[in-house]
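By written order: A, B, C, D, E and F. Residues from 1 in each chain.
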Amino acid sequence: MGQISDFDTAQVLVHALPYIQKYNNKTIVVKYGGNAMINEKLKDSVMTDLVLLSIVGVRVVLVHGGGPEISDMLKKIGKQSKFVNGLRYTDKETMDVVQMVLAGKVNKDLVRHLQQDGGRALGLCGLDGGMIKARKLCETGVDLGLVGDITSVDTAPIEDALGKGYIPVIATMAVGENGEVYNINADTAAARIAAALGAEKLMLLTDTRGLLRNKDDESTLIPVVNVSDVPNLIRQGIISGGMIPKVDCCVDAVRRGVNRANIIDGRDAHSILIEMFSDEGIGTMFQ
Amino acid sequence: MGQISDFDTAQVLVHALPYIQKYNNKTIVVKYGGNAMINEKLKDSVMTDLVLLSIVGVRVVLVHGGGPEISDMLKKIGKQSKFVNGLRYTDKETMDVVQMVLAGKVNKDLVRHLQQDGGRALGLCGLDGGMIKARKLCETGVDLGLVGDITSVDTAPIEDALGKGYIPVIATMAVGENGEVYNINADTAAARIAAALGAEKLMLLTDTRGLLRNKDDESTLIPVVNVSDVPNLIRQGIISGGMIPKVDCCVDAVRRGVNRANIIDGRDAHSILIEMFSDEGIGTMFQ
Amino acid sequence: MGQISDFDTAQVLVHALPYIQKYNNKTIVVKYGGNAMINEKLKDSVMTDLVLLSIVGVRVVLVHGGGPEISDMLKKIGKQSKFVNGLRYTDKETMDVVQMVLAGKVNKDLVRHLQQDGGRALGLCGLDGGMIKARKLCETGVDLGLVGDITSVDTAPIEDALGKGYIPVIATMAVGENGEVYNINADTAAARIAAALGAEKLMLLTDTRGLLRNKDDESTLIPVVNVSDVPNLIRQGIISGGMIPKVDCCVDAVRRGVNRANIIDGRDAHSILIEMFSDEGIGTMFQ
Amino acid sequence: MGQISDFDTAQVLVHALPYIQKYNNKTIVVKYGGNAMINEKLKDSVMTDLVLLSIVGVRVVLVHGGGPEISDMLKKIGKQSKFVNGLRYTDKETMDVVQMVLAGKVNKDLVRHLQQDGGRALGLCGLDGGMIKARKLCETGVDLGLVGDITSVDTAPIEDALGKGYIPVIATMAVGENGEVYNINADTAAARIAAALGAEKLMLLTDTRGLLRNKDDESTLIPVVNVSDVPNLIRQGIISGGMIPKVDCCVDAVRRGVNRANIIDGRDAHSILIEMFSDEGIGTMFQ
Amino acid sequence: MGQISDFDTAQVLVHALPYIQKYNNKTIVVKYGGNAMINEKLKDSVMTDLVLLSIVGVRVVLVHGGGPEISDMLKKIGKQSKFVNGLRYTDKETMDVVQMVLAGKVNKDLVRHLQQDGGRALGLCGLDGGMIKARKLCETGVDLGLVGDITSVDTAPIEDALGKGYIPVIATMAVGENGEVYNINADTAAARIAAALGAEKLMLLTDTRGLLRNKDDESTLIPVVNVSDVPNLIRQGIISGGMIPKVDCCVDAVRRGVNRANIIDGRDAHSILIEMFSDEGIGTMFQ
Amino acid sequence: MGQISDFDTAQVLVHALPYIQKYNNKTIVVKYGGNAMINEKLKDSVMTDLVLLSIVGVRVVLVHGGGPEISDMLKKIGKQSKFVNGLRYTDKETMDVVQMVLAGKVNKDLVRHLQQDGGRALGLCGLDGGMIKARKLCETGVDLGLVGDITSVDTAPIEDALGKGYIPVIATMAVGENGEVYNINADTAAARIAAALGAEKLMLLTDTRGLLRNKDDESTLIPVVNVSDVPNLIRQGIISGGMIPKVDCCVDAVRRGVNRANIIDGRDAHSILIEMFSDEGIGTMFQ
């Protein structure tokens, strides 16, 4: 971008003004994971986007997973993974590793990165202030061990951090009635947190372009989906496989009062800013 | 700029981030007048710049003059102008016209323009809340009538407006001890207001590129001047003519605690943003 | 009053106490215009009354017109007035003069006067903070040019000023959807502002004693009128001519929740204090 | 005053305006006792004066004694008074009566009276919140029993009451280091409270016109005394007898930072208002 | 307790923790009278209990009577008591004594005691800030003179004191519409104050163990009573005599929204703490 | 303690009152580690102590290490430890494990424990909000890798958490100028945090009784040490070995303004409460 002159810079800022005004003092929950998290350059771009949003007056909340780093660590300690119906069984030892990696490594590294870029960040997890409460997930009779089902979200610790000007960075463990710790799906947690905060927008950073009518043709992207059309799209096979739980989170968030939920492509640099600061946006928006 | 993609937009925003951080919650006093005020397109660009700064957390104060509109109105009412040593003698009738045009027309039009662009603005003048106090200007024995010399600035009305999120737009009349109204030079007023507010920056929008070593060669622009070098530059004739009072205002502001004072070219679109959001800045900066 | 002793002063203050208690922290909107505005001695008395009310804890809002000064200025610039059905047609040039005179001259002069008397005043107009919104007045198919019909009042700038201890002085232009400026009837504006503020009282200073059963006999003054009786009084011809729009404003204010609306005689010194600090009051009160 | 018209009322209010402005938000400590306390009509006038001052924004603190009522009660219970050097010896039984009458009867009656007149009052004594601390008075080797010498005043309970809009009414007992209760001279206490509050004015309501050059000629009243002249006036015998301790309180208050201290005649109705709302004032002012 | 080691101290504190958490920031109204008030050692224990509760975050309000001290003083002044249906007739002279003793002696002595123990206390009565309003009690056609029936409680002075960290100590006189002072039953006043404050708990300190099934057998104490069972218990004679009005106060408080009302034995040291910091509590609790 | 009656409970509370008053609203920094952290029963006792202190109004900050759990994890991943002069060399891989275990496991487990006991806790580390800044530790030319030397502590995140009623739980990593993460000694960090907060007290929970004159005789415990005597005690060999750095932390804290620093025995249940709620305290206090 070396050729963009200072004049162009000014013009771009002016161009961005209405979008900045639109999101001023609004809450945006970003779910961050996948490739955008592994590729250092993409990570840089996500961190800068979040700091920028925070500085221009958006109330940014970052919810993250930590997939590959958890697997790496389990491998390192020689922990044999047990799968049930394709889902990882979480025993106590696995849960300890999940907690360590998520809340201790991934979370605090993100905090450090945001601080380094000039933001103010605070790393929290579902245990802090008793923020996320859960019970054992009991679906279809399968025992997944310490995988939890969110029963309630107390936004006080998040609001306290936002109110003091921090970007809350949230690792998604939860605590049960007797103090046991549960592993929580990060997409689901992000949706519930967005709903509890009455967020303007939930953004799921994924490794896909969004919803495609024809999986092999990116030009068939569906830019806007009304949540009432989702069952139909599933029936038609347009929403399928790993996309189903992501879309479910978006639908859940919208149904619980979040204004917009977006599935965007975290593999593009600055996808968050592009989604927020252009009329067309990118990816697929649920409303 | 039609060709600048959304990706470039994002990159430019990221590029602007450190500057936004730098000026976040700082006070910037902009003195606005001359060509930038007459040309509608330039006016649009100045207004948008100010709204943008305000939205990203800069405390913007706009001080304005109103030269040509005052002359037009005096002509319309057939008022003969009397000049003393090249300066306009301000009798009571002239002062009334000055007040009407400045505080009623120019000021409120600027307010309306800022509001229309999505800003929040409040139009004040030196009489509101007794903000600017003055006495009759008594220089070199010449009687200029109701031309005033600022004795004090009470920033309370400005701070009140900033505190409530408004851009204060200030017409520069002043009030005397016995309630008489004085005409005040807008550059001088801007400098004194910036000093009283402990501003980070005073920006004078002018019709020149800045200070040039060689008047006919814009490539000889002096980007930075230390206020202690000003007497020297005057002796060398580099600061001369109409530039002297403008430079004096900058020197006065810096001496009274303003961090930086800039003379920039209001004939360029977005000169305010360009100055603030680039390392080199534009025009001449006094420090 | 030279003979009134200090003892009498004390007794009068004591006598005024219950009235001061009654209006303590209540909002009073005063519409000021006509003779009380031209006669300097009456102006002094109105200004002192307002400062006094403000000092003893009444939240005073001053709304003003500017009739004669507008006409004078139009005459000065040789502007031919065009009348439609007896109403002045407001073209763009006229509107500019109205704005200049109202917001720049009359408004700021009042501010200065209040400050000089020891009050704290802030001069605003309907454009400041987007306070008064209007659309083109479209009554009876007549085109009056830029005469506006109020669509909404945003009290934020007024409340901000009251909250900081200022007397807001309001010139009654309004802004349209596309930024165009409208001329607004000051009585109507005062009524709408009083309603939007949930004022205790609206006081219209006029050039009449109030409502008289017999126009030629001031002893037939009607001190109190229930707004439901107004249609009847119009039918009986007791309310007629120029009194009708004034009464309409009072009725409108009361219907929109203002507790009392008074038409009082601005030709008497201290009519505002007399109305507020005596049981009988003066003029005609609508409830 | 029946003949004073509403117009005169208004004029008087206007006349009072500068005085109201002068004392707005200032603290005035009134010491109340003597005849003004016994005569019901004078009491009415004092109470109304205080409520009025409070309503127009003066921070009023009322400090009271209770002389005659204490003597009455002591007589009722058949308590023999013992005098030492002309001063009443305060044994424990006497102290109990003093506390009962001062804090229970006189204090709460004043509170009730102020509330009845539309004021808001809170009855405190030197024990509340540990407000007044004292030790045994040890002057000239005479044992006066539980007569105390103030060691410190904690203004927190007074400021708390003023801050919530109450007139604090203060009975002047004090508490010793071991919880013992001391009888405190009310004039002295008023002076110390005024000093601790940084009051603008201390007013001692007495049964004299003020300081007279010639005791038998009220026309020889000394309106203003500089505290440095007091020793001289004592030497000349102009300050003598019971006047000496009162003047000492005034001097003490001024020395400790109170702006003005006044000895005024409580036998005149509304002497407080007359003193505050006239240029000449009444009685003698120490500065 | 000399043998209880520091370790035991720590364990006891830990044992008390859940109770402290339970009452944290809750309002507790304690009615204090009878033996607990006469016996100095018991008084010490009550005062310490209240200071402790206040320090650990309970909003404590102390309401007191003053029976024996009033009788003593009446006797001292030789006032003949007149009884109507076993109730003391309160004439003006009696009322004056009641006020003096309650608000001046008992109240301020309690304040002093609490302060001496390290608490912060403010002594108020029903007259302060117009807190308790009453009319003449008109039951069964009997004329009891100035005995009052509470018509309303304004909690502002109590909330103001609690908000500033004081323990409000309240003497229970009330003021009538015309400023007359009424004698009020302290139990009744405590119940009404607790209700007006939305208190968590009302505690009546009495000279009994609580409600006994068999008056002569303390082991038959009824620990918990549902207010709907009270009529039944009266019919059975289990609630009878002097217990009836006390129970009525408890029922009244619970009906008006107080969560729990307790009748406890003030003859035991630290009965307040024991009731609050043990599961079983002591005495009888109404819910 | 089963035999301690409710009456004793009350007495103990009363006995604790002056200590609670003494520490009310004061800041106490507790450094927690060693045996007290491994033994579950002792951990329970520490957690309860902290919740109790927090509930009775002490501002509690918990700083923790995590020694054994770090070693366990390093062993689990087969990481060979390298020692330099008896100190562990911290390479990047080790640092990652330290961060994971400290900030992810130990820290959040403590948070969960405190929450489970009814406290409100927030788990932070030196990276959150850029709280602890450090540079590479450069002592005696030895390279210890990523072991850091604290350069500054920003208490904002701690104060924010305390202000919102949380117990901040702090894992002691720090961040360098270029974003690198440093391992920080927890005792040192606790001392610096206590100093930066202007704490009343720093408490180091250790595995010793305190400072003993004769290492083998606990009866020779030195209860109080003036920091100026420390050099002498080192010379005498009374402070030696592992005690030296702990004492240095205490001295450092006191020198930087902490009122008291205590070395207490974490192997005793409730040692924190015993230290704070008894006159003699336990362990050794530096002042």
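We take it that a contact is a pair of C-beta atoms (placed from the backbone, for glycine too) under 8 Å apart; a residue touches a chain by one contact, two chains touch by 3 or more.
Treat the numbers as computed from the prediction; the structure is a model and nothing was measured.
Counting steps between touching chains, the shortest path from subunit D to subunit F takes 2.
By the document's definition of touch, common neighbours of subunit B and subunit D comprise C.
Shared numbers divided by all numbers used gives the overlap of an interface; between subunit D and subunit E this overlap exceeds half, so the copies present the same residues. Set against the C-alpha centre of subunit A, every other chain centre is closer than that of D.
Just one of A-F, A-B or D-E has an interface built like that of C-D, with over half of its contact pairs in common by residue number: A-B. Taking each chain's centre as the mean of its C-alpha atoms, subunit E lies 45 Å from subunit F.
Centre-to-centre separation of subunit B and subunit C, using mean CA positions: 35 Å. One simple way to say how far apart two chains are is to compare their mean CA positions; for subunit C and subunit F this gives 69 Å.
Residue positions of subunit B touching 2 or more other chains: none. Chain contacts in this assembly form a single closed ring in which each chain touches exactly two others. Ring order of the chains (start subunit E, then subunit F) is E, F, A, B, C, D. Subunit D meets subunit C in the complex at residues 1, 4, 6-18, 20-21, 24, 45, 48-49, 51-52, 55-57, 118, 268-270, 273-274, 277-278, 280, 282.
Residue ranges on subunit D touching subunit E, taken from their complex, read 73, 76-78, 96, 99-105, 107-108, 111-113, 115-116, 120-125, 127-130, 157, 160-161, 164, 166, 173, 175, 179, 181.
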